[in-house]
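You will see subunit A twice below: alongside subunit B first, and alongside subunit C after that.
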Partner chain A sequence: MSRVPLRPLARILSARQKGEDHKAIENENIHQRMLAARGRQRQMAEGRLLIASICFAVAFSAVGVKMFALSSTEPREPRTASSASKIYAQRANIVDRNGRILATNLSTYSLYAQPHLMTDPENSAVELATIFPDLGVEDLLEDFTGKRKFLWIKKKISPEQKQRVHDIGDPGLLFGPREMRLYPNGKLAAHVLGGAGFGREDVHSAEVIGNAGVERTFDAFLRDPAQENAPLELAIDLSVQDTAERVLYGGMKLMNAKAASSVLMDVKTGEIISLVSLPDFDPNTRPNPKATLDAADNPLFNRAVQGVYELGSTFKLFTIAQALELGLMNKNTMIPTRGPLVWGKFKIRDFHDYGAKLSVTDVLVKSSNIGTAKIAIDIGVKRQKEFLDSLGLLTATPLEISEAAGGRPQLPPNWSELSAMTISYGHGIANSPVHLAAAYSSILNGGYKVEPTILKNPNPERGERVVSEQVSATMRDLLRQVVVRGTASFGEVAGYEVGGKTGTADKPNPQGGYYEDKVIATFASVFPASNPRYVLIVTLDEPSENSGAKPRRTAGWTAVPVAAEMIRRIAPLVGLRPVIEPGPGFGIVQAKGSSQ
Partner chain B sequence: MRVFVYLCLGAMVMFLAFWAYRENYETQEALRQVETLQGEIGELRTSIRVQEAEWAYLNRPNRLRELTELNFERLELMPLAPQHFGSLEQVAYPELPELGEITETIELRGELPNDEGSIQSTLSTGGQP
Partner chain C sequence: MTEMVYGTVHVRSGDPVLPRWWRTVDRWVLISVLLLFGIGILLGLAASPPLAEKNGFDDFYYVKRQAFFGLLSFSAILICSMMPPTMIRRWGVIGFVFAFAALALLPVFGTGFGKGAVRWYSLGFASVQPSEFLKPVFVVLMAWLISASHQISGPPGKLLSFMFTLTVCAILVTQPDFGQALLFLFSWGAMYFIGGASIVLLVVMASTVVFAGTIAYQSSDHFARRIDGFLNPEIDPRTQLGYAANAIQEGGLFGVGVGEGSVKWSLPDAHTDFIIAVAAEEYGLILVFLIIFLYMAITVRSLLRLMRERDMFARLAGTGMVCLFGLQAFINMGVAVRLLPAKGMTLPFVSYGGSSMVASGILVGCLLALTRTRPQGEYEDILQKDQHRHG
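Showing the complex of A and B:
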């Protein structure tokens, strides 16, 4: 920077020549220098201020960011597993409607090997084979001496096994923590729960994923950390489920059936209190689906949900309910039942000859196919289809068991008048027992449609109306009469006013046509009939009752007694008191403090 | 004066540095403690789950049924059936507690009015109730 002299000679000399005061020039220059100096100082001060304010801003914003971060972070759940693992292994419990555990998680260990760290592979292989009898010495030795650097030996081991492996003392045998799904009740409710297996896995942890049943449907919910391990509450009642399984198993053996299923549903809410499918399996050691087995013989097959069967005469209830709802007839209208009813090449017969005509009531009570078919003609194809659709019988059920989507009803490809007639008594249409339970509940609960659900939901929204209150009451009365004086007389359980309808359908032969001596026997019941609380569907596959001279296969002889025993055992468990017909000087008084 | 201010500033910087140093270690200590506590909570939760699982396993209906069958002579437990609902008349009144011998009696005389209002009897307490 060139410095301007205070007394520039040229200017002073010229000022002197003109006779001016040369001091003024000097003063002016001094003044300018001062201005320049002040400007520089000002600039410096401003710069300092800027730096200081930046420092403050950074400091305060750092504090602010930290505060924001603290206030906006999610609380983290304490976990034992190392935070390095990216796989979230927690999985919520599944409990029954009273909070009893149906499925839970247990910490256990997996066993893996790193052969390059092993000191004595031969000895380790021999020792391991004695601890785990299902492992072969040769296979292990081959793995241990091969090129692999890592291999899984067992995915789940017990603490005792872990100790024994530890005692081998080989540094190449290592353990990793594992979460394991445990079903403490064993086979109980196996088909509802499904099962779980491992998904992604590494040494530190593994994903437990549901692979069937509600475990699969609610997989995301159960694994969602945001739920903070809130259990999944099912509508199942553990005691009822156990009793149902036990009684049904006994009944299945007694009636020489090869399989059986039952559904107990709350008529008002559609909650499934118990769902049994036999034969069953243990979800703790879920068997692999065998390709060779026929689907229907596989224990993994859920008959109550996936199995669609022609449910036979149980469908007559729908036909008659619709006829009454449409006002085509009342329960005393006489229907001609002289048989056989011939329609083209097809003949409809009754189990017995019921004479020239029967009242609508007796068509149901005595289970006349001809009578029901005649009623179906009056209703017509279109209206029948609409009504069955409104009951949910034409689509898969919305039940939250992953297999339910596979239980799609089988409908006639061409819904002709003949189809309408056979469907009116439950042939030519195949549904699952859960379908039947939901449809019966909808008709008998006062006429509101219910959706079957496996979740505890005591106050669902009321569905649309399917039949009127009066028709619902009439149907309950008719079902009661079927038990009192009709085909289901073995269904009477003193005090519980059981009402129900039997259904016996010949099993279709895969080669075409129907088997002569194989049936599906179904009993669809409701109790107590006057104020319905529960609907119970019992289905036996190929039953035959052999106490008489020749085997009896009708539902009245097979499914009905089993269902009656189930009701007798289950009703007290759900808190239903027997209603005793009032006699002289006899009654039940509820003792104080002993409700339930 | 200026020297004094510098000294003060230096002392303050040293003090603050010391304070920050301590704070830092305390924070780390607190974080470690939180981690330990979280680990402990996690372990306790795991053990609660294990015990719940064990409880559920020991109370599984199959086992309870076997136990009632094994101990039937002692417990006489039956599956619940409709006839087990009783009526009030079937409930026996509890036996009256035995009263001991009454020894120190007091003689008391009085009159009770009966329904008509006339005086009928004289009571005396004492002896057997």
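Showing the complex of A and C:
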């Protein structure tokens, strides 16, 4: 294209010379320039349109390629929040000290319904109600025809029930596998084991979580997959536990007590061989706590661990042991016991009048409150407090049963000298039977502290010393004398050298003061006294022995015979051999017949 | 003789209208559009029943509506594509006045349908999205302004068109509707580019857009979340994008089968913004490739036809429309395969949506009118040149 001049001057000039109109020439020139510009525009636009179309072709191809790349990869399963944390259903077994099963798992099924999948809700409701009599036809039908798309019917069903539900043939009735916790021994050691229930659950599995006892304390351990189902070994001996429960139950009935508890502890290790609290329950069908019942009357209440009681004269052991340990007196020192002992406006009396004075030994053997209180004055408030604390009597026990933390001792708000005197014979301070067992073990085992434990603990570390070896031996001797010639004479079991101390404490009245006719009777015993192996605490709540003219409630008449019977049965089970007293014909005698 | 008695027989100056239309219109593009519409109905059959069920309509309620709007749209294509470019220009400018007023009055009379952004007028039986209808008329006005500026002693059209574009985009951004704003800006840029802008200027403009995007990213949470979602390589499978990607993967080459897909149950926008995911899942890569090919055919073929166009207005208007159409389709599909950050945009003719369907019909109708085979002034040029030579 030839270039069009801006103004065709040559032509305009020649036109002017000719006298023609030069405007036409200019217009024509403008038109030509416009055409030329348009041509250039068009050529440029052609190129740029080509670029644009290439761009679009590339862009769409890119989408296609990406689409191909994406569709030729494997889809990733969309993760949901629920599957992110897997439910571990496996829960470790719990076994006794000899490896016998206390708690295990059973594979079972849960039953649930998806009503929108059901073919015949009416028939299914009727059939289900016949299989599970506790379900109502109307309720089921209402659920099945309502808007819900999912509902649990039964959390645990037996194989027979599963088969019968299966036979209904409704596709909307479905089963989810479950691991359920099984306690094959029923009520045995119920308070130790506690119980377990379902936590988070879905259709495929459910979490079993412990909600009481060792099941709760060791919940994390039992559920830890890293433990590879190593069983939890308890110190409990199943045979001893069973015997203790039976004897205690019989004793409770015989002594007309409303409740009872017993603790058998290994003196040296603090292992609890048996722990009983009556009334009890079956952990397989753990009852719901009834709101109407007083907490202490609830079968779920663990009296041996949670129940804190004034344990009465059993505490005299601590006072006298401390007095001997401090060197304030020896077992033959005479203590004035003329009563009543007046302190301010309070008077301390004895059950009987024991005369002007008693030896320290007899203060314990005859159980003189006045004598013990006098000794406590010599010891003083501060030292008494320190000593009881060293025995673990002022804080909750470290026992691994989850309820133990609730067994917090009740202490006087202001520990005065009067408090020291009453505490010296076990009033004004409340402890659980496990506290008492651990403290007795600590004093009687040679004088070093033990902590109560429910776990099998074959190699215990020796605790710090609380009393000397000598004082420990003296105290065993004194306890033995209590049985031989004192308040616990019914506690004698031939061959097992039982020693022990009775305690009878009036029950506090919630309205204030104490009941006249309700006591907590306790017998804290050790056997064999010369070479101690076990401490046994037996506590009866509101016992009453009615064989005599009037009811007898002291521990010597109630708790002691029950404990004696328990020792008689248990001692052979734990492998103790009776010491046979030499009979009159013992030794080498001449055979009568041979001399003739 | 007869002529003298009865007057001359009326002879039309050209061919009859319809045959001439059929002969000159871009039939491939027309067929492609019809195919896309058919695919849209096919996918609507699969994708919309979950929504209909949710809203309590009968299963194919949305399919029926789409078919109805499809007919409207097809009529729009026919009518518009028969108009000569001058008529398109005239009606386009008039239409722009109305559409722009409708857009500007949205904050007063519009409704957000509880979705946050106010983009619709509710007419009872249907809702109208003015920004959709603004697209074709906006392109017409801009093309007219830019082409007029090339006339000797013409108006300052480029500056004016730029001002208009900024105004429209500003209104859209306040809705907020960044996606549509981007479309308008892009189509204006394309027209400006084809209209002869210098490359330097375009680079400056592109960087301005990037800068504006950065500002928007920092000031708008709505916008920032989507960009973050795109930049994060680990795709969260519980988001819309995650479901869409999963659906495409599930589909594979031949799809999981008609009606067997699951993505339509989990994605609330399965029948609009993520219709391509439904297509990929149920019919597989085959159908997706067909859809992509159809869009590519429409855009590239129209652009190539526009290369021959001598009339500047027709060329620019056609370019603007093709770019709007093509970019919208590209963004929609690009989002589903994560080439682009998440941006709600319909797939023209395939997605469900009355406004989008009819407006796309008008747009493509005008495009077809502009790409019709016309005498491109070659004879005129020759004649003029001859005249000049003789004169």
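Keep in mind that, in the parts below, the second predicted complex is superposed on the first by the 497 of 596 C-alpha atoms of A that agree within 3 Å, B and C clash if a C-alpha of one lies under 4 Å from a C-alpha of the other, contacts with A are read in each partner's own complex, and residues count from 1 in each chain.
Here is the rule we go by: a contact is a pair of C-beta atoms (placed from the backbone, for glycine too) under 8 Å apart; a residue touches a chain by one contact, two chains touch by 3 or more.
The shown structure was predicted, so the numbers you read here are calculated from the model rather than taken from an experiment.
In the superposition on chain A, contact is made by A:Leu70 with subunit C only, not with subunit B.
Contacts of A:Glu469 after superposition on the shared chain: neither subunit B nor subunit C is touched.
Touch criterion met: A:Leu573 reaches subunit B, while subunit C stays clear of it. In the overlay built on the shared chain, the residue A:Glu142 is in contact with neither subunit B nor subunit C. Of the two partner chains placed around the shared chain by superposition, subunit C is the only one that A:Ala62 touches, whereas subunit B remains out of contact. Looking at the shared chain after the overlay, A:Leu106 reaches subunit B, while subunit C stays out of its contact range. When the two complexes are overlaid on their common chain A, residue A:Arg48 makes contact with subunit C while staying clear of subunit B.
On subunit A, the surface patch touched by subunit B in one complex and by subunit C in the other comprises residues 76, 78-80. On the side of subunit B, the complex with subunit A involves touching residues 37-43, 45-46, 49-50, 52-53, 55-57, 59-62, 79-85, 87-89, 91. Put simply, subunit A touches subunit B in their complex at residues 76-81, 93, 100-101, 104-107, 182, 184-186, 188, 238-239, 242-243, 493-496, 568-569, 571-573, 577-578, 587-591.
By the touch rule above, subunit A contacts subunit C in their complex via residues 28, 30, 32-35, 37-38, 41-42, 44-46, 48-50, 52-53, 56-57, 59-64, 66-68, 70-76, 78-80.
For subunit C in complex with subunit A, the residues that touch the partner chain are 150-152, 190, 193-196, 237-238, 242-243, 245-246, 248-253, 280, 284-285, 288-289, 292, 295-296, 299-300, 303-304, 306-307, 310, 312, 315, 319, 323, 326, 329-330, 333-334, 337-339, 381, 384, 388, 391.
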